[in-house]
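There are structures below to look over.
Here chain A shows up in two complexes: once beside chain B, once beside chain C.
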Partner chain A sequence: MKWFRGRSLVDVVGIGLVLAVAVFSLVLLVAPSIIVVVISFDTRAYVTFPPAGFTLRWYKAVFEHGELVEAMLNSLQVGLTVTVLCIVLGVPTALACVRGRFRGTTALSVFVLVPHMVPGIVLGVAVLFAGALVGVSPSIWLQSISITVFIVAVMVRTVQSRLMRLDPALEEAAANLRATPFQSLRTVTFPLLMPAILAGAVFTFVEGFDNLSVAIFTHGFRDRPLPVELLALVQYTSSPIVAAVSGVQIVLAIAALVVVSTSIGLDKVNE
Partner chain B sequence: MAEAAIHRRITPPGFGEQVADALLSGRGIWPAVPAIVVLTVVAVIPFAILLSLGFSDFEISRGAIVSQTFSLAHLTNALTDPLYWITFQRSMNLALSTTALCLLLGYPVAYLFLTGGRWTKRLILVLTIAPLLTSGIVRTYAWLVILGGRGVLNSALLQTGLIDQALRIMNTHWAVLIGMVQIHLPVMILPLIAVMSRHDSRLVEASENLGASRIGTLRTVILPLSVPGIGTGSALVFTLTYTTFVVPQILGGGNYLNAATMIYEQVVFSLEWSKGSVSSLILMVTCLIVLVAIALLTNHFTKWTKGHDA
Partner chain C sequence: MMQGPAGPSNTVETTAPVLGIGAVGKRFGATRVLQNFTLEVAEGEIVTLLGPSGCGKTTLLRCVAGFWEPNGGTIEIDGQDIVDVPVNRRPVGVVFQSYALFPHLTVARNVGYALRMRNRPRAEVAQRVASVLETVSLTGFENRYPSQLSGGQQQRVAIARVLVMEPRVLLLDEPFNALDAKLRGAMQVELRQLIKRLGLTSIFVTHDQEEALTMSDRIAVMSGGKIEQVASPDEIFDRPATAYVADFIGVSNFWETQAETGHVRLPDGQTVMTDLTGGVKVMTRPHNLRLGPPEAGPWKGTVSFHRNVGPLIEYHVEASDGNVIRVSAMRQERDRPVKDRSQVSLSVIDPASCSVYPG
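Our next item is the complex of A and B:
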């Protein structure tokens, strides 16, 4: 009862209320995922609660569902392409933003952010129309490059904030030891940036894999990505197969979380 | 041979490395050029084209514009069409109420993060970051399972005898709102936590040493300091909820039309390019207006730390 001692009633009730809402929100965040995972093991062929028994058949069904597997592979390809493009385009841009000695470094950082600030569907529509006018029809490649443009800002920001906290003495030491700028970049700066690049890679990959707003307008007619396929599946069927897909995704999310927390630490994600 | 090897070793960096130095020394704009080119081709030019399509009459044949004349007709058509007003109003209401509810539910979590111990902090981070790594569709599906006719909520309520007939929540405004709030909650919490954990913890201690109650400290110290976080979180949640179509599509059933689902239908199903362009532009402009309003309000209520916090 130490907690109550010397506190006014208003204080106890007020803070109690705030903490109660906090606990409610945390339960709200996690409960739906737990319910879905439970459902994914249910034996019945329609979504209901509580489950009647335990089975793995929905997980098996996911990998036997040809279109779903293909969609997963497509999204995997998009995710990887987006990640590679974001590293190739984003890391040098972050270098230029932080190390640049030219006018307009701020303008450059803002410019990179612009496509990210525009609603995804507006970017998707714009790319679709522009592509149609120059004869580029929607495809897995158009989808990848569009999502890259949409999300590259995240990579730039992550690397930028790490770069700004690096000790400049390290590179000066390399220069004093006669390293060329390229050598010091390769052997000093780059290894120090690795955690930030890795964290950026996780987030850009997830966006490439999961993005719907840009993808729904730019994806190829034949190679549908997972979100588009899932949206159709959710709308037109009620079998727990989607729950099994959720189960798979939750496992992947936990893996990604472990990667992020060991590379830059969870508390750094926000910066 | 040996001479050549020695020669190579003592010569300054080769041509390739010299080029790399020039490009990557980081003093010039060169490293950013590829990104600038790609962003210009894939974002800036398409936006310009979208703008021009919204403000002109055009004729398309074989995938190319053959004639184009300036016209405000599409815009005035849209602005006089009641369907547009209803749809955009619905989106705006939904986005604003979602943002407000996310703030109401998210702020206490950020407060708990600030005052909690190491494991509390860790738990909060895991619970807020993990959902962002799974697909929004999958998280919306969870609400289909919970709110459906034979779903978790109805079964629980029926079994406990609180109701004797299944509630109809799916395909209503409430289902959409509940789903929206839960799905975007992490997006509100993370910026709040980021800004709050940047504060000097001695400020809270000082306030308590001076005799303020905890609720008083929350109101007079923590809340004013966290205004920038409230601004960032609200801006992010608003943009996402104003322009999403996953939740309305799945939880609202086929007839819940919001701005995003309307644009999708215009562009993909009925192939009405000018309508699609105009709707996209209206969406972008109205979104921007609210974002500017949020920025102004944030700036107005930010105390003490003006110019420090982003």
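Our next item is the complex of A and C:
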């Protein structure tokens, strides 16, 4: 197998590095997931490896654990709220940054990034203190808004990069072909941005569902999101129920990937 | 002989112009891209804006389309000033350099786009789309996507898409750039015939002189935001109004000399009439020159290079005065071309076909 014949040194090193990174990611990402899934079927009531037997009782326990189910629903709500807010705020911002003809488009596109640069914990604490100053207490809404501020940059950037690669002549053509600015947006710009908006929606939903650093300071006292609930759970118990929750999340993540890849294609997410 | 910038030529100006551009200027910051640009286009006429990149030709087209607003001047269609009319209400159709076909829409939906934006009834849209697709010979391609078409077919969709609106003025922005060289020639002839058949008043922008000579009823040669000459392709080629036009179009030989009263003496001893005095530039095309045996005349030179260009032989002759003169001759099958390094003499075939410009 002389695959390196006729290739330059840079190519050989490049292919080697890609392989190394791929193997590394597999080991780091997939192996722990597999271990977690295996543990979630273990019959023993504490976390060990290898498992002693097979049972579904931890999964049953998850769905009988009222607080966990409620936390999952809370996180689902946060995820959806964050996604909707990111679309509503992020897509127009991206349009303004790329197509806007006013001064400060560059400043705007940098400004949007700033909250994402701040560590989540700092942002969470800041929101908590600022909220206390003006009399806003933590709640599921405060949590959703804070995570939106934190993650909206991802939506803006995803849509922005797609928009920058759209031929500006497409919108000019629409205008020339009698479209009003609104018709042009609806019939040309939005359909062509849709893959980027969907990709951004997947990223922002996952962040809303999964975020711990911002959520831990901003979530409502009675509306604990799943990451916070899980953190509490692993602090006080070591039963495979935590592994079972992870198992459920892995299944959901795979389902999301399947939905995205069959509806718009994974290759388009990267575009 | 020298002519001033020629006015509209023989074929036009019996009726009011369809498109009238009056003293249009356009600046970007401190750069003046268009200066006092004036041009009239008659019904059914194809006028080409020809010039190097940066000469302002695309800027003018974008001002007419409404993508940019001129800094002063008027743009009239059928006598109505359209400078303040928004892009989507102007009776113009633009064929873009990139074609700008909507990649997410089929050919039929691309072509019907303008009608749907105007909320025309479905049946009318279907019928007009079918008829326009037939005009551009794309019947049967209704359900293809632009990415499934060849470059030539994409160009025809772009044209069909604007034809369906029945625009008063068609604007074509370098529409052959995206095609490979072999296809270009054929598409130029096809497009010109189509536009003439439909009688569409058109402005065509290009930097390619061959395209301009093929496509146009008149050519406006542009430089630095101004028109150097507007005239028919023949006139532009045979009677270039300025040294710039002569140099830009076709192959030209220039030599500098002094005018005597009323005339200029050519190196071969013949004379050309002129009103100019002092230092002048004389220009003639390669086909207006002839090679002879070295003893035949006073203008001598050495052949430094020759090549076959289809039916022509092109010679480069190093003249004794130091100029390199290009001469072309019809190739006759029985003749042997004059060999490189031969001593020859040069003569002008028709002195009246030489142009004289201020030096």
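In this text, the second predicted complex is superposed on the first by the 232 of 271 C-alpha atoms of A that agree within 3 Å, B and C clash if a C-alpha of one lies under 4 Å from a C-alpha of the other, contacts with A are read in each partner's own complex, and residues count from 1 in each chain.
The definition used in the following text is that a contact is a pair of C-beta atoms (placed from the backbone, for glycine too) under 8 Å apart; a residue touches a chain by one contact, two chains touch by 3 or more.
Only a predicted model underlies this, so the values are computations on that prediction, with no experimental measurement involved.
Colleague: Between chain B (first) and chain C (second), which, if any, makes contact with A:173: first, second, both or neither?
Modeller: So A:173 only meets chain C here.
Colleague: Touch check for A:11: first (chain B), second (chain C), both, or neither?
Modeller: Only chain B; A:11 stays clear of chain C.
Colleague: By the touch definition at the top of the document, which applies to A:220: first (chain B), second (chain C), both, or neither?
Modeller: Neither: A:220 stays clear of chain B and chain C.
Colleague: Based on the superposed arrangement, let me know which partner A:188 touches: chain B (first), chain C (second), both, or neither?
Modeller: second
Colleague: Should A:242 be classified as contacting the first partner (chain B), the second (chain C), both, or neither?
Modeller: first
Colleague: One more residue to check, A:33. First (chain B), second (chain C), both or neither?
Modeller: Once the two structures are laid over each other on A, A:33 reaches chain B alone.
Colleague: Who contacts more of chain A, chain B or chain C?
Modeller: Result: the larger residue contact count on chain A belongs to B.
Colleague: Would you please give the residues of chain A that touch chain B in one complex and also touch chain C in the other complex?
Modeller: In chain A, residues 180, 183 are touched by chain B and also by chain C.
Colleague: Touching chain B in the complex: which residues of chain A?
Modeller: Within the complex, chain A contacts chain B at residues 7-8, 10-11, 14-15, 18-19, 21-26, 28-30, 32-33, 35-36, 39, 46-50, 88-90, 92-93, 95-102, 104, 108, 111-112, 114-115, 117-123, 125-133, 135, 145-146, 148-149, 152, 156, 180-183, 185, 202, 206, 209-210, 212-213, 216-217, 226-227, 230-231, 234-235, 242-243, 245-246, 249-250, 252-254, 256-257, 260, 266-267, 269-271.
Colleague: Along chain C, where are the residues that touch chain A in the complex?
Modeller: 65-67, 87-90, 92-94, 96-98, 100-104, 113-114, 117-118, 161-162, 165
Colleague: In the complex of these two chains, what residues of chain A are touching chain C?
Modeller: Going through chain A, the ones touching chain C are 167, 169-170, 172-180, 183, 187-188, 191-192.
Colleague: Show me the residue ranges of chain B that touch chain A in the complex, using the header's touch definition.
Modeller: Listed in rising order, the residues of chain B that touch chain A are 13, 17, 20-21, 24-32, 34-36, 38-39, 42-43, 45-47, 49-50, 53, 63-65, 104-106, 108-109, 111-112, 121-146, 148, 150-152, 155-156, 182, 185-186, 189-191, 193-194, 197, 213-216, 218, 239, 242-246, 249-250, 260, 263-264, 267-268, 273, 276-277, 280, 283-284, 287.
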